[in-house]
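Consider the two complexes below, in which subunit A is the common component and subunit B and subunit C are the respective partners.
Take a look at the complex of A and B:
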């Protein structure tokens, strides 16, 4: 939705978000008790990403906002990627050169 | 920039010239509209909140400055006589924490930004006045927590809270100080949010993006950095707190963590925070240089874009703080190269200010004296930053007084000088009174001389190898240290002078006219001090920013003849 009018969402939507989050939390708990090998962390992260997306798009109404608001919301995630990428470029290249002395 | 502002609806009076003291009772303005203490403490008027911020921040300068005096007194002699190592560690930490988080970061945005952002774009107030008041109280809460931490024995980790010392070993009030920084971050975030929405949504008709004064561009870019960076420092200090309490293993290798990760996360915010401090100062500079050269700024568009460029590139350089921390050499090279890139937009700004002054009607008022001081000091600070960005040289001077001198040249020589310049420039607008001009010039001169005497010897000391954060040193370094301490005394005097004559001028200063400097900009078209809602009628902007007459001074003089 664009313009200055607030988007009024039905209460059902909030209940849906709440249910998704609770279900996600239980799922995270269940996944933590199983052993999926190397998939353990990716699975936990996947559930967390889905929960965060639901919160941002529906609970925070970004889905109905102007393009500008979406750009600002996305910028936060882009900057998170910068933090990860530039920190990891240190960790991934540490072994390229031996430590002298 | 010109605009149409309607004549006053009630009690019209001619624009007052600067006359002595007891002139006509001024018409209703934001200061005399109400006098009760509640009308201040619960005010949502951006101007009153700015004044409350000003008083609070001045108090914090005195606190942080007192710590600085103790440090310089201790360093006047080679032996540790006034302070011993533990106390010294706490004093330099508290000096850093107070100055960085409670003065340098909020200084210009919270005081001048709060006062001027709505006025300069032709709005009645910020977009979220109540959130603005909330940000002030969150700021006060942060200060209170910090002062409690000081009273309970202080912190000794350095303002950077480096792990594993802060997370595992320090016995001082780290948790409390970390909570204070965490809380204060939210104050910044709310101010940044307010500025972004205000600039997007509340510009007056005709105030297009490229008619915005460069001060507004600077506040906008700063707000973007605040919004994108501050959450990371909040999370980082929260993790340090959790690590101390629950040993969760983020930074402590014993539990699978990595101390260098702290430095990555800390500097991801704290390096851009350097630009949170200096960009608003650059915005002030653009206003001062144009107003007192009576010339349109040289290269308006490139100035605006270089502001944004500094804000964005500033996020990719943090690794230059980690050259000797065990960061990979390849990452170091990458960060080093990007660091050099920041110099480009910064240099553009310096050259453009000088080009603006070239053949302008340069008027050496106090604010302009501060602006010229900024040019020299910031250039030295910025260029030594390029030295430090080069990995080889950094390994030689890392953690020495060279670094201390460098960042004081940028922060104190840059931000604080611009802050004082800006306060003098807009003082007549904020309070309707002129400050004593000669006293102002004298204080600017004392600050410039005192500053160089304090910090230039520190470049030499650092190059000779004197490490920072020690309370004693070999005797052969005493002469330079005594020079530095003598300079600090002079510098302190220079800063105290405005703190005396500015409050004095509130009662005894000459009454200021609407536009005592003959400057362009919406703020100079409304009353001094402004009314509660700034404009009686929404202004319509019809001209570019800084629409001073074109051509050089000589061309214009020739035209007049």
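Take a look at the complex of A and C:
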């Protein structure tokens, strides 16, 4: 797992991850050229999230780390979602009430 | 470094496993602060894009999709070579570590070189926010806000890469002294985590900055 016996991933796996990321890049470009209406941005974000997850799990070895490391890695993204949720619930609801500023 | 024994174990840790776990957790704690730092910029992006969607599409179309995609590919490639550098360190093959780390650094510089070309084009087209900003004949406007965020986001990203390139030199120096062993290579592993994180930031920047409002306008760049 770590320390004395580090998990060493086969080169093939790393090449597979690389190929997946390149394919994802082309896919995101192709999606941008299509007209999916309001779905364009969610699709682009979905592809980016999948790519980022692959990087975190394999290139950053989180898949083979301790549970504690997994919690640390997940915590950053969870707090990011909280940051977005609270910021947007403020900005997107300001026009609901007749208060300026 | 008298407090570190021959296997690389520092005196305040029980064993190498605990030492490695501490390094990994500490690095992830740092990366969380980095996620929040870039998160603030992405938050500003979302708010202003929602307020001025047209300006965002107009600004995005001024960016060169070909160069953006090229840089995405270069950066993903550098993540691969970085992962292979860490893998070589896990085997204790210091010469391979030097090779892969050097390759990672070269790809990093290619990315920064392309970025300079892009920034220069923006300079020539009066797209740098400030007193000389011009967008299709008119002054300022919300497109200027898009470009302000474009330069801050890609600029801080590029700055992280410059720091990363400096860390690569450190890795190469350590590998040249055969310091990485199968038991002890946290150093290069943590720098790898940093480099992959910078890659992840770009994975989001590319579609969010370069690919808005492209449908129906299948031209690449200008």
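The definition used in the following text is that the second predicted complex is superposed on the first by the 93 of 101 C-alpha atoms of A that agree within 3 Å, B and C clash if a C-alpha of one lies under 4 Å from a C-alpha of the other, contacts with A are read in each partner's own complex, and residues count from 1 in each chain.
Criterion: a contact is a pair of C-beta atoms (placed from the backbone, for glycine too) under 8 Å apart; a residue touches a chain by one contact, two chains touch by 3 or more.
Since we're looking at a predicted model, the values are computed, not measured.
*Asks:* Clash or fit: what happens to subunit B and subunit C when subunit A is overlaid?
*Replies:* clash
*Asks:* What's your read, subunit B or subunit C touching more residues of subunit A?
*Replies:* The larger set of subunit A residues in touch belongs to C.
*Asks:* Output check: A:56 vs subunit B and subunit C. Expected answer is one of first, second, both, neither. What do you get?
*Replies:* second
*Asks:* Mind working out whether A:66 is in touch with subunit B, subunit C, both or neither, as first, second, both or neither?
*Replies:* In the superposition, A:66 contacts subunit C only.
*Asks:* Using the superposition on chain A described above, determine whether A:33 touches subunit B (first), subunit C (second), both, or neither.
*Replies:* So A:33 only meets subunit C here.
*Asks:* Going by the contact rule set out at the top, does A:87 touch subunit B (first), subunit C (second), both, or neither?
*Replies:* The answer is both, since A:87 touches subunit B and subunit C.
*Asks:* Once the structures are superposed on A, label A:25 by its partner contacts, choosing first (subunit B), second (subunit C), both or neither.
*Replies:* second
*Asks:* So, does A:14 touch the first partner subunit B, the second partner subunit C, both, or neither?
*Replies:* In the superposition, A:14 touches subunit C alone.
*Asks:* Should A:75 be classified as contacting the first partner (subunit B), the second (subunit C), both, or neither?
*Replies:* both
*Asks:* Identify which of the listed stretches of subunit C (147-155, 165-173, 183-191 or 201-209) has C-alpha atoms clashing with subunit B after the superposition.
*Replies:* That would be 147-155, the one stretch with clashes.
*Asks:* Of all the subunit A residues, which ones make contact with subunit B and with subunit C?
*Replies:* 68, 72, 75-76, 79, 83, 87, 91-92
*Asks:* Spell out the residues on subunit A that touch subunit C in their complex, using ranges where they run on.
*Replies:* Going through subunit A, the ones touching subunit C are 2-4, 6, 8-9, 11, 14-15, 17-18, 21-22, 25, 28-29, 32-36, 40, 44-45, 47-48, 51-52, 55-56, 58-61, 65-66, 68-69, 72-73, 75-77, 79-80, 83-84, 87-88, 91-92.
*Asks:* Okay, in this complex, where on subunit B does subunit A touch?
*Replies:* For this pair, the touching residues of subunit B are 196, 200, 227-229, 231-232, 260-261, 264-265, 268, 315-316, 318-319, 322, 326-331, 334-335.
*Asks:* Provide the residue numbers of subunit A that touch subunit B in the complex, in ascending order.
*Replies:* Residues 68, 72, 75-76, 79, 82-83, 86-87, 89-94, 96-97 of subunit A touch subunit B in their complex.
*Asks:* Report the residues of subunit C in contact with subunit A in the complex, numbered from low to high.
*Replies:* Residues in contact with subunit A: 15-21, 24-25, 28-29, 31-32, 35-36, 39-40, 42-43, 46-47, 50-51, 65, 69, 72-73, 76-77, 79-80, 82-84, 87, 90-91, 182-183, 185, 189, 192-193, 196-197, 199-200, 203-204, 206-208, 211-212, 214-216, 218.
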